[in-house]
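The letters A, B and C name the chains in turn, as written, and every chain counts its residues from 1.
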Amino acid sequence: MSDTTAPKAIEGTLGFIDERLGSTTFFRRNVKKVFPDHWSFMLGEIALYSFVILLLTGTFLTLWFQPSMKEVVYDGSYTKLQGVKMSEAYASTLHISFDVRGGLLMRQIHHWAAILFMASILAHMLRVFFTGAYRKPRELNWLIGINMFMIGMLEGLFGYSLPDDLLSGTGLRITQGVLESIPLVGTYGYMFLFGGEFPGQDIIPRLYVLHILLIPGLILGLVTAHMMIMWHQKHTAMPVKNQSEKQVYGYPFYPVFMAKTGAYFLFTFGVTALLGAFAQINPIWLFGPYDPGAISSGSQPDWYMGVLEGALRIMPGWEISAWGHTVSFNVLIPATLPLGIVFGGAMAWPFIEAWITGDKRQHHVNTRPRNAPVRTATGIAAVTFYGLLWLAGANDVLAERFHVSLFATTWFFRVTVILGPIVAFIITKRICLGLQRRDADVIGHGVESGVIMMSPEGGFSERHEAPREEEKIVLLSKENARPEAPARDARGVPAPGAKGPIGHLRSRLSRAWTFDDIPVEEHGHGEHEAIESGSDSQVKH
Amino acid sequence: MSDDNKDTAGGQEPREEDAREGGARRERIVGTPSPAKEKALLAEDDISAPAGVGEQLDEASMKRAERVVATLFLVAFASSVTFIAYFIGWSGRDGGMHGVLRARESNFWLGGTMALSFLALAAGVTIWVRRLMTSKPIVQERHELVSDEESRAAFARDFMEGAEDSGITKRPLLRRTLLLAAAPLGLAPLVLLRDLGPLPEKRLRHTYWGEAVRRAQQEGKKGVRLVVDGTHRPLRVSDFATPGSMITVLPEGVEEHVPEDEVLTQNAKAVTILINVPADQFKPAKGRENWHVNGIVAYSKVCTHVGCPAALYEQTTHHILCPCHQSTFDATDAAKVIFGPAARPLPQLPLSVEDGYIIATSDYHEPVGPSFWERG
Amino acid sequence: MKRITAWRRRPWAGYAVVLAALAAIGVIYAGFSPQSDRAEATSSAQAAQDLKNGQQLFNKNCASCHGQNAEGTKDADGKPIAPSLIGVGAASVDFQVSTGRMPAANPGAQIPRKEPIPPFDTSIKTDYEEHEEREAAEKQKARAEKNLRDLNAFIQSLGGGPEVPPASAVDPEKGDVALGGKLFRTNCAQCHSFTGQGGALTGGKYAPPLSGDDVTPTQMYEAMLTGPQAMPVFNDTTLTPKEKQAIIAYLVQTREEPNPGGNGLGRIGPVSEGLAGWLIGIGLLVLAAMWITAKKPKKLKKS
């Protein structure tokens, strides 16, 4: 505390840079930048740090990997494949695994980091969705995030295909089949991607350059934009004490947040290293080289492609042939519709929500999921839809492990993928409203103190006490539904937002958004009113 | 409520006059008060954040924390050193790492020490932040993101001034020819991509079976022999006489007559499964009565859904199942679809016998594999 | 010691050793050959007796379903309950009985592998500490092996069929493992999976795992040869014995091979990997995040 000047080495460096860039103003402004604290805010960091791991380990792997489909006869040190014909890509992957020291470790860390990268993006996305952190002004970052996930799917698929083992070759074969099904241009796309017929000689080198150059560059750009926007807009905060739309409360960037995020960086490295050391992933030597006539049961893609796989599996065999042309809905629909619904819907959601609620304000404090029941229920419905398709992608493993009929699992998923989201929506909404009711109860009525009172008349009652201040702030963070603007004003002129069929739809949706809202507010001492109005709406619906 | 109740409750639990309630409503507490003195339903926030500016952390516990953190850093140091020592000292013995066992050993040591090193460092830094840093939460203003009215107006003015200065608003001819010039330039790179691959033409309509049959017929034979995939041995009818048999076959001569780098590509379309369906259960399709040899029948192994090898044959039910997406075909009935996402039966290869060998007498009569737009 | 060294230097020592060796061989031969002579002499009688034993075992354990003459049985509607065993061959019987599938308990979608019934249980433990216990177990095992042989011989006598392969034909050490891998992936992996973990079939049936040590090379060979239950047949003219041996070599070496990358996660591919990534990877990192952002412990100096 006594010595406030920095050591000479740092002072000198900073001075050197400042004289040339004027950077100290920037540092001065940002060194104490506030970062609100919550464990779920770190999910996105996993993705950032796994991306760093992917770049580092990926660079290591390129030093030995040969992206070539030239056929060679293996004579390396994995005895079971000696004398087998395979592509150079596969042989060099075996070489990395068995003849380069640390090569297997790097391969495994690379693959685990890829799995964590995608998983953490999804987890981060769910956190952002359910807390409403995508709302104005953060729609751009929401869109960037979704695009990163979709590009990440491609990047993962391409990387998974590079070793040219039987499993990845099967994945490519399916990719080819899906590509071929596109009306009008399908066969052209197929020929142009593979440089001729499947598998040809060109696909691995082409995927390689996409995998190590183009797509990582794209992701790097998007990550940078994502971080800069986040930095500029400041992170959202949970609705707790001291947080408001006007101010943010938390730890300064330097030194606390820096140390925390540094620790998390190390944790991410540690966990991927732990998995790489002790959990085997993608043992391509067991899968064998790609061979178009061979196949294994339980051929699955990595988890993030599981949704597509599941959709392909449960789709009935619909195909139309007319006027000399064929359209395979059995491939087209599962390849486009589910992801279109989930990710297209997610991208449009912030704008749809703002349109329905008419809320054009900026939001920096997150919503508790229960306080936006329609949003939360929609999210859970989407998760159910995605999750069921994902499970359907493993239906053969499920059938085998639990000894049920394979066709029965298919039918189960065909039905639940439609019904499941609806049921999930209804249940989730009920749960949210129930929790709202409890919150209203706590605010209006107090917390059960566990103290039983006996009145002079002999009746028993439990004494309720006012909730703690911190808790009250959390509960009162709920924004109660505002009374809807009347569709027509006093003179009978329709309100601007409610004109025409679109406006009509908007006001109906708006009503659906809030009609069963349960106000959580303080009533002074007339606490029973709040409870009563709560139970009123319960009875009504 | 009866008095009995009151008595039993009272008999077991201490009774207490509640003083705070005041005299007007004299009530008694029955039962043990909840230990939840904090009245919290939700254990939430900020109760333990350091309370005021400049408050000092307890010196003794700081010393303890410092020792813990330093120990963790030393563990990280030791395990990084072990990593390097193992790599230099041990992993290179007997000519370096070759094969499964040494790969396992080195993966264990290198990965284990690396993980330990990172995790120890991570834990150390975490404890450091939590125990030793006194920084307390601070508050910052959130600023409006939108620029003020004045700068927006100024920018709009500047923008329009520039546009007018450049003349683009006043000279439509310039504007339009510029757009015209830019359009083909944008298309040029797309044209460049044309040589990524050949045009589809009729490539997807035939397989190597056609070529092989043609070659065999030029040599005066009826058709091409079927060889076992993997051993290249041609199959006789008598070789494959056991009902319930199944094997993967290819046309004879792929290896000899096709350039090496095209073998896989040809096999990928030509690969076929040969099944011996018991003759009494086989129902030949119309027009294909002579395509089988006493129940021995050949179907394309490329699934009509998205092209996985549909290879899983159950000899009891005669189902052919594709393990990727579970399209199921009936081997006794022209490989018609029984279940799953495939829409079309597997194409059938016309078989016959020549010199005791099973032969194919022509190519598949329809395109194999997944559907495509031009398929018809 | 010195005396022996001195002895070895004598000129006649070499001849003496050769003579002694010859004598030893003679004695050993004398000890064994009369026995085999005797065996040959009594072989036909013994064979008849073995066959009788086989028939008795059949009557006791199999005939209730397969019929007194192994002709198979049908229920009232004419639907077969159990198939005829005439012509199925010894390989089939050996496979079904030694894997415990026969005698079957109750007909489900598929008859599962289980402990063989005691008279045929050749896989019992014999490595007991106690001498008597070990001896009894060894004796029981020998009896089970003989019973199985006799039953096989009896079925073989009914109408021929594929025979039990000799031990040399199934020795996994001698197979061409590279060829075996190729053939396995082309013809077997579609049901049994890359590493022999098994997989799902239609209607609740499944391809059993081949990765356990209890699946013997002989059983693998017999399964290929006879195509038990839903499995297709790979007879010796489609896949020659040499090729079958290659497949066996591949399977046995694969299951004995350690996982160089750590825990194999069941060796079933991306499904278990995704699960591990989410549960272990994301799980551990969420715990770490909770620790990092948890409320600071209150360690303030009282002032």
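We adopt the following convention: a contact is a pair of C-beta atoms (placed from the backbone, for glycine too) under 8 Å apart; a residue touches a chain by one contact, two chains touch by 3 or more.
Because the structure is predicted, anything quoted here is derived from the model rather than measured.
Across B-C and A-B, the chain pair carrying more C-beta contacts is A-B.
Of all chains, the one whose CA centroid is most distant from that of subunit B is C. Note: centroid distance subunit A to subunit C, computed from Cα atoms, is 47 Å.
Centroids built from CA atoms put subunit C at 35 Å from subunit B.
Our note on geometry: subunit A versus subunit B, Cα centroid distance of 15 Å, whole angstroms. Contacts with at least two other chains are made by residues 37, 79, 97-98, 104, 108, 260, 263-264, 267, 271, 274, 276-278, 291, 293-299, 396, 406-407 of subunit A.
Shared interface positions of subunit C, i.e. residues touching 2 or more other chains, are given as 182, 186, 190-191, 199, 201-203, 257, 259-262, 288, 292, 294. Across the assembly, subunit B contributes residues 45-47, 100, 103, 107-108, 111, 122, 126, 129, 229, 248, 309, 311-312, 323, 328, 339 that each touch 2 or more other chains. If you check the complex, the residues on subunit C that touch subunit B are 179, 182-183, 186-187, 190-191, 199, 201-203, 205, 227, 229-235, 237-240, 243, 257-262, 288, 291-292, 294-301, 303. Interface residues of subunit C facing subunit A in the complex, by the touch rule stated above, are 109, 177-178, 181-182, 185-186, 189-195, 197-204, 206-207, 250, 253-254, 257, 259-265, 267-271, 273-274, 276-278, 280-282, 284-286, 288-290, 292-294. Taken in their complex, subunit B has these residues touching subunit A: 1, 3, 6, 18, 21, 25-36, 38-42, 44-47, 87, 91-92, 96-100, 103, 106-108, 110-112, 114-115, 117-119, 121-122, 125-126, 128-129, 133, 135, 137-142, 144-145, 193, 196-200, 203-204, 229, 248, 250, 260-261, 264-265, 267-269, 271, 301, 305-309, 311-312, 323-328, 337, 339-344, 369-376. Of all residues in subunit A, those touching subunit C in their complex are 37-43, 46, 79-84, 97-98, 104, 108, 111-112, 115-116, 119-120, 123, 166-167, 260, 263-264, 267-268, 271-272, 274-283, 286-288, 291, 293-303, 306, 394, 396-397, 399-400, 403-408. Listing the residues of subunit B that touch subunit C in their complex gives 45-51, 55-59, 61-62, 100-101, 103-104, 107-108, 111, 122, 126, 129-131, 228-231, 235-236, 238-248, 275-276, 309, 311-317, 319, 321, 323, 328, 339.
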